[in-house]
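Read from first to last, the chains carry the letters A, B and C; within each, the first residue is number 1.
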């Protein structure tokens, strides 16, 4: 392998020659891929604007400079809505994700030929489509407002929660399940006594983790009319009210940092 | 010659781990450091290569004052001091060879070490050492594939390839079975002898200390309470170091040369104390 | 949960009830009441136009049926171009973001960085992480103009926030003894990182890098909505023109690519372990 014997002397290299070449080819490939991609991007970029950006940024910063704190009074309601969208959306998601996860986990699925692929498809579809796109579609159906936001967050989070949950279910200790089955329990009882206690901590952790992500996600739903503080952000940017924009950004940062802190604390308590 | 004077360490928690330690270790001496957990054994050896910064006092290795060194000097001094750890402390995801060669990091520039292009003599030396400890077939194994004794032997190679003047050994046998413990201790002592190295060995197993060391220092509450020959370790001395306990069995077993009644049961069948003593006699 | 409380009942027998999950009764009731109050307050202040939603349902059916069958062909040129642009953006921003997040992540690990550097890097990561990609994109489109460059910068910064934080946490969780042993050999700082730290965090970080590539591709679909280039721009146009069958095709392609990336990353992760 990496020990090379030559003329009775041994020398050592980190990798055998073939592996070494493969690794170097990998790096080269990555560099080439980057450059090729970069060329396409740069073709579509007006570099004059980019070069101009530092001045633009300085200009923008000076316009945002003293945040308009009086606007804060009008932001509490949208902020409350934002948090509600995240919380209720997460609740909706975990209620729907639990059965899907049980259908998707290899060891609990009722039917691995039909039910499992369907569950896996629901999971990947939900995960692939961003909550903003869900919101875009739901606003058309349900009309603008907070309901569209809640459902959008819920639909987007099903995939995330169900994926992590079914992975947790697949990792449970089968001996405990066996032991409960051996007592003569029914399938539902086995689930309740053998499986659920094992995945409860993971389940709680996943929900809180997703809630924290959803706080961040729900700050932008207003851009497409699905409620929350994004609505005010969009309006302020449209009206070039930059001092208001800076207040909104500051309040978003503090909310997100706060929710992250809560979520970390709660997860610690569970583990 | 290693010389400590007035070495004191107070942790930020306020615990006084070492109180005014004065200690000299002449070249070529293998010294065992015994004492109860929390006596400051680990702190003492870590204060020498400054993995722990001493609060006050001085440490001289030959004529270099270790505790006055700045970054670069400290690096250079550290490469003269090999260290062997409790629970081996190998980098588990690196191969045996990479672990051994990491002992040369103080000598090799960053870029060479990044691409694992170590100088030829270093690699030859690594092979020689691995052969010496019977590990040369394992060169390309990852460290986490090895058994405990094998890992500790890799750790020994890593320390020795530094070409050190002094070995610091921190509980080398803490997680090994009795037989492997003896083999490892014997290996360390033999290698020290071969290379004329001095060594400080932290060890909680009094029996092993008595068998292998030329000198024993007892530490209690950060102070030296015994310093002398291993066979002077009487029950009275052990009581002073560790506190009240029936020490007769620990020592008695050794005196009769028979039953090995102490903590180290179970290895009599192939390596009884008798051949042990003869080897030791040959070494000193 | 497994603890049991036994108490003598009036009939002289022994009854058993499952011990509650939260042992402290006051905390348990407090949390329960708090949760109830919150839900009531949330429900009370939600201004949901149920009538509008109800009226929307038949329209929704129409809307959804407009998605079928997905139409790949009529807008294929635009779709293909948008997808490619998204892939370029995802690749470049993942590479650039990870490269930049390594110094930031090292700086944000409490056990290897000095306190001022630690605080600075943590604050930086917090800011990058706080803003949803779309908000960042709005600003970068303002600064750099429409097109994929703004999307690239947005996704790179988001990658730094994500990857830097996880890298820092992984370094903080590493085995300190292995790192200490390398330091004791007299290794320099970079050598120490390379030999003592990197091998410990590498496998997880490779997996997370691939995961981030997946995220960046999905996010590239939304930065386009605000002008950051990529498939999002195509998708937005499709919605604006009420070409829902084309939109469905785009969504299916996104799902397909996410599946492919996930499958490949699973294979690579298995090899790295």
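Basically, a residue touches a chain if its C-beta (ideal position, glycine included) is under 8 Å from a C-beta of that chain, and two chains touch if they have at least 3 such contacts.
It should be emphasised that the depicted structure is a prediction, and the values quoted were computed from it without experimental measurement.
Undergrad: Tell me, please, which chain's centre (mean of its C-alpha atoms) is farthest from the centre of chain C?
TA: B
Undergrad: Count the C-beta pairs in contact for A-B and for B-C, then report the pair with the higher count.
TA: Top pair by contacting C-beta pairs is B-C.
Undergrad: Mind checking the centre-to-centre distance between chain A and chain C? Centres are C-alpha means, answer in whole Å.
TA: Here the centre of chain C sits 3 Å away from the centre of chain A.
Undergrad: If you average the CA atoms of chain B and of chain C, how far apart do the two points sit, in angstrom?
TA: It comes to 47 Å between the two C-alpha centres.
Undergrad: Could you check chain B for residues that touch two or more other chains and list them?
TA: 98
Undergrad: Can you list the chain A residues touching chain B in their complex?
TA: Contacts found on chain A: 1-3, 9-14.
Undergrad: Mind listing the chain C positions that touch chain A in their complex?
TA: Against chain A, the touching part of chain C is residues 1, 38, 42, 45-49, 52-53, 55-57, 59-60, 63-64, 84-85, 87-89, 91-92, 95, 126-127, 129-132, 134-135, 138-139, 142-145, 147-149, 152, 218-219, 221-222, 225-226, 229, 235, 239, 251, 254-255, 258-259, 262.
Undergrad: Can you tell me which positions in chain B touch chain C when the two form their complex?
TA: These residues of chain B touch chain C: 49, 51, 75-81, 83, 85-87, 89-94, 98, 102-108, 110, 113-114, 155, 158, 162, 168.
Undergrad: Which residues of chain B touch chain A in the complex?
TA: Residue positions touching the partner: 95, 97-98, 115-116, 120, 123-124, 126-127, 139-140.
Undergrad: Touching chain B in the complex: which residues of chain C?
TA: So the residues of chain C touching chain B come out as 175, 177-178, 180-188, 190-192, 194-196, 199-200, 202-203.
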